[in-house]
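First chain A sits with chain B, and in the next complex the same chain sits with chain C.
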Partner chain A sequence: MKLAKTYSFLKKDLSLIEDALEETVYADQPVLHEASTQLLKAGGKRLRPIFVLLASKFGDYNINRIKNVASSLELIHMASLVHDDVIDDSDIRRGKPTVKANWDNQVAMLTGDFMFAKALQQFTDIDQPRAHQILAKTMMELTIGEIEQIKDKYNLDQNLRVYLRRIKRKTALLISSSCQLGAIVANTDRETEKALYRYGYFMGMSYQIIDDILDFTASEKELGKPAGSDLIQGNITLPVLYAMENRTIRQELKNAFADSSNVSPNLLRPIISKISKSDAITKAREVSDQYLQKAYDSLSLLPDIQAKEALANIANYIGNRKI
Partner chain B sequence: MKLAKTYSFLKKDLSLIEDALEETVYADQPVLHEASTQLLKAGGKRLRPIFVLLASKFGDYNINRIKNVASSLELIHMASLVHDDVIDDSDIRRGKPTVKANWDNQVAMLTGDFMFAKALQQFTDIDQPRAHQILAKTMMELTIGEIEQIKDKYNLDQNLRVYLRRIKRKTALLISSSCQLGAIVANTDRETEKALYRYGYFMGMSYQIIDDILDFTASEKELGKPAGSDLIQGNITLPVLYAMENRTIRQELKNAFADSSNVSPNLLRPIISKISKSDAITKAREVSDQYLQKAYDSLSLLPDIQAKEALANIANYIGNRKI
Partner chain C sequence: MKYIDTINYYTNLITQTIKQSFLNKYLDEPELEIHKMITLHELVQDKPNYEELVQTTMLVQIALNTHDKVSINFEEENIRKQQLTVLAGDYYSGIYYHLLANHNNLTFIRLLADGINEMTQAKMAFYYSDFKDLDSFLIDYKEIESKLIEKVAFFVNKSDQIPYITTWLLAKRLEYELIQLSNGKGTFFHKLVMENVQSIQNNEQLEKKLRQHLIKINQDLAEIIADNKKNLVIPKNLDLFNYYALQKKWNMVLEEGLSQ
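Take a look at the complex of A and B:
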């Protein structure tokens, strides 16, 4: 089943959000406008807006009120991606050159700042202080997640807990906040809001773990960048943590990372290939599946409306996606 | 007269804000905590919080409500400085190494992001949508100002209008917003709010022009960085625009900037010295004085309270400051 089909009833509203996003990133400063538009057009599944809309369906759904929240969260997501590319020194994302590659780090930094500011602007007509608190906290945790990622780079001595905390900050919280904010703005009761938050959190954890798995198992064409890019950039993800239970792989990685300022992709390629075929992938998938199950479970408390089915279908899609 | 004496009646409240700032930048992530604290301790006159407090004195002054607005604006200011240092590749500010010098560009970028997010968090308990709109717009204009600064670097064909628009975005708007937000949060009437906004705007313009003059006329010791740093970094400020009315200087600058990727400070030093002794300085000061006068004029509509005297004194101090 195609992902888009599960939420085809949102089609009209999602195209309104797309229009809003295009309008939002307009700037009379050409560089900013072009860089932001490039980011916007680079694609992406618009998962965060979809989660906002679906969560809102459990309360007083008002597209005019909700669309700004939805576009705001997508802008924050894109801003964090463009800053992420500066951190990871990435020239390519989803098969296309990044802003930092087309311009430079400085333009990428400012494009992110611009989109953050635009995200706030979209959010200003929301009069619920709790919504603002959640947005600010999410942005802060995103940043702390990024700093943790830098700090933990090339560090082979990190454990599962450190990894899970990092992906919670980097990915899961923005998705859980999307669900929670959709609920808050639609004035659902607190139980519903909590169930949606939990769904988003577990969904986000599973999503990132699958992402980290695909970085090993998908092809360069599917990824739009070389397989194993995470590891080459020094990011130690769940498959690597499990793979290092094998002493040989651990030692090989230690050797490859001996000088973190000069890591050879050629030295890493056979290790990446080994990990991609190892049971580390199965183990990582099991962890993802546990989160996915929890995401399904969180839905059980919610009424049986179309949006609930869509959320379950998205979980199913994410859990089985090949890219 | 010492600047601090003009607002000594705010001393207790300012120290509350200082405590709030220190508390705010706490992060359990050591790098973020250290970098933010370094920025905080690097000094600064805390002008923006002072403007917030003084503006609030024209309405219902409630320090518990206002202190978060004040610290929020200082955090945005500091976040913009640390991103500014990445743009300008500055290793030194106010005589101390910058975050990007002590760590690197990536840490500096994330420290700025962290402080932006903290600024928002401070602001979340303000329930006036207009206040949020102004904050978001100010952050956006700040970013556009930075992009304009990059775009206009080494460009000798810019005119006065371009310069004034840039410093409005880069400096004046954050100061006018500080005054306006202080007024809004204290529920002043709209006329008072407008007068304070105007005061802040003219004050900010004058402040930045003086800053740009001092970059030529103050000593390296006073500046905490070599004189003429702005020009060496390619930033064309008001004294330069006036100095270029002299054809010789214009030609010398053209030669020095012939290859903007390889500008020799040694080639610029005699030009910097020439500008610092030229009538370009006087002309720039005249523009600053005009803004200063408008700042004074804006105060005339306000009631004669202690805060008004303090605002006038600050204008006087800024207009005559030697550093």
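Take a look at the complex of A and C:
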């Protein structure tokens, strides 16, 4: 089943959010407006707004309030992407030129800051202090996750726990917060809110692990960047951690990373190929499946409404996605 | 000693708040613009949560200044420093939101978000403009220099002070830039002038022009004071940077034994 079909009943509301996003990123300054709009038009799955809408269905669904939360979270996500592209020096995202490639780092920095400001301007329409405390904490953790990622680059002496903590901060928390904030703004009871938060957290963990697997198994055309790009940038992901249980691969990586300034796609290509064919991929997928199962289990506590089915379908799609 | 105590108080408060071991290892401590700190304190000191207002406004200022340091293109030898500069700015703005969210101060969250929005738009227009001379450059620069503080002045119903404050802030900025020039230290401001002002090609020209402008701005300040019957928040001739440098030197003398 196509992902969009699982939440087709949200079509009208998602289109309202799309309009709200477009309206929000309006800037009098033409370069800023163009850069933000380019980012918006580059597409994306809009997963965070979808999670907000679906979570809100378990309470008092008021699209005018929920819309602010959904678009704020998407703007925060986009702001972090535009800054990420500066950090990673990426010229292409989702097959299209990045803001830093079309303009430069400075425009990308200002665009990210502008979107962050727009997100907070919107979100302050929500007068529930707890919602702000959750979002603020999530944003802090998101940045700390990115800092940790840089700290751990090319470090082969890291373990599963370090990796899981990093992806929790980097990806899972914004998704779990999307679900939780959707619940809060719709005034659900605390049990429902907790179940939705847990669902989002487990989904987010699974989502990032699959992303890390696809970095090895998908083609350059599908990824829009060379396979193994994470490893080339020094990021030790779950498939790499498992692959390093093989002494030969570990030693080869150790040799390749001995001088991080000399790491190149050519140098790592044979190792990337070995990892993609190793059982590390299966092992990583098993961890993702365990998180998915936990996501399904969290849903079992929720009433049987259409949104619950959609959340389960999204979990199913994420778990089996090929790109 | 009043001002130096205030400066030291907020410097400690902000330095403690933004401490992050990995960032501290690779990045220089962010520069705290003491002229803005003093102005903010004077504006809000009669509010019950004045410390929070000064602290969070300064955090936003530091976050935006930090992002200004990200170079147009990364150089191979300092990639990590540049990457962390991006994240440091994000981290500091995250702290501003976190502090205010935990005190349920939604109004001020909104006010500073408005400020960031306007500031990014003003900066984008400014950084990509060519200026014929320093006059036209400083007219636009003045707006960027005082944008956040103007927002705060409106917030505390002291908008009548804005003409004085914005002129004073520009005067202090020029004083600071002249000190840095005479110490041979390049700043972001110097870089901006050199890149965007056609009539200025070297440090000597810059220094001469800055001195001329400072005299003019001080005259403007005197006129505002003469026209204004009300009390103005900050004294015109506050010798801020020398004060601060002297205090720093004295502290170093007092703490010399600690490094043994």
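To be clear about the criterion, the second predicted complex is superposed on the first by the 323 of 323 C-alpha atoms of A that agree within 3 Å, B and C clash if a C-alpha of one lies under 4 Å from a C-alpha of the other, contacts with A are read in each partner's own complex, and residues count from 1 in each chain.
What we mean here is this: contacts are C-beta pairs under 8 Å (C-beta built on N, C-alpha and C of every residue); 3 or more make two chains touch, one makes a residue touch a chain.
Only a predicted model underlies this, so the values are computations on that prediction, with no experimental measurement involved.
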{"item": "Chain C versus chain B on the shared chain A, clash or fit after superposition", "value": "clash"}
{"item": "Which superposed partner A:S261 touches (first chain B, second chain C, both, neither)", "value": "second"}
{"item": "Partner chain(s) touched by A:Q29 [first = chain B, second = chain C, both, neither]", "value": "both"}
{"item": "Chain B versus chain C as contact partner of A:T143, first or second or both or neither", "value": "both"}
{"item": "Partner chain(s) touched by A:D113 [first = chain B, second = chain C, both, neither]", "value": "both"}
{"item": "Contact residues common to both interfaces of chain A (with chain B and with chain C)", "value": "27, 29, 31-32, 83, 86-87, 105-107, 109-110, 112-114, 116-118, 120-121, 124, 127, 129, 132-133, 135-137, 139-140, 142-144, 146-148, 150-151"}
{"item": "Contact set on chain C toward chain A in their complex", "value": "20, 22-23, 63-64, 67-68, 70-74, 76, 80, 83-84, 86-87, 89-91, 93-95, 97-98, 100-102, 104, 106, 109-110, 113-117, 120-121, 123-125, 127-128"}
{"item": "Touch list for chain B against partner chain A, complex", "value": "27, 29, 31-32, 83, 86-87, 105-107, 109-110, 112-114, 116-118, 120-121, 123-125, 127, 129, 132-133, 135-137, 139-140, 142-144, 146-148, 150-151"}
{"item": "Footprint of chain C on chain A - complex, ascending", "value": "27-29, 31-32, 80, 83, 86-87, 89, 104-107, 109-114, 116-118, 120-121, 124, 127, 129, 132-133, 135-137, 139-140, 142-144, 146-148, 150-151, 261"}
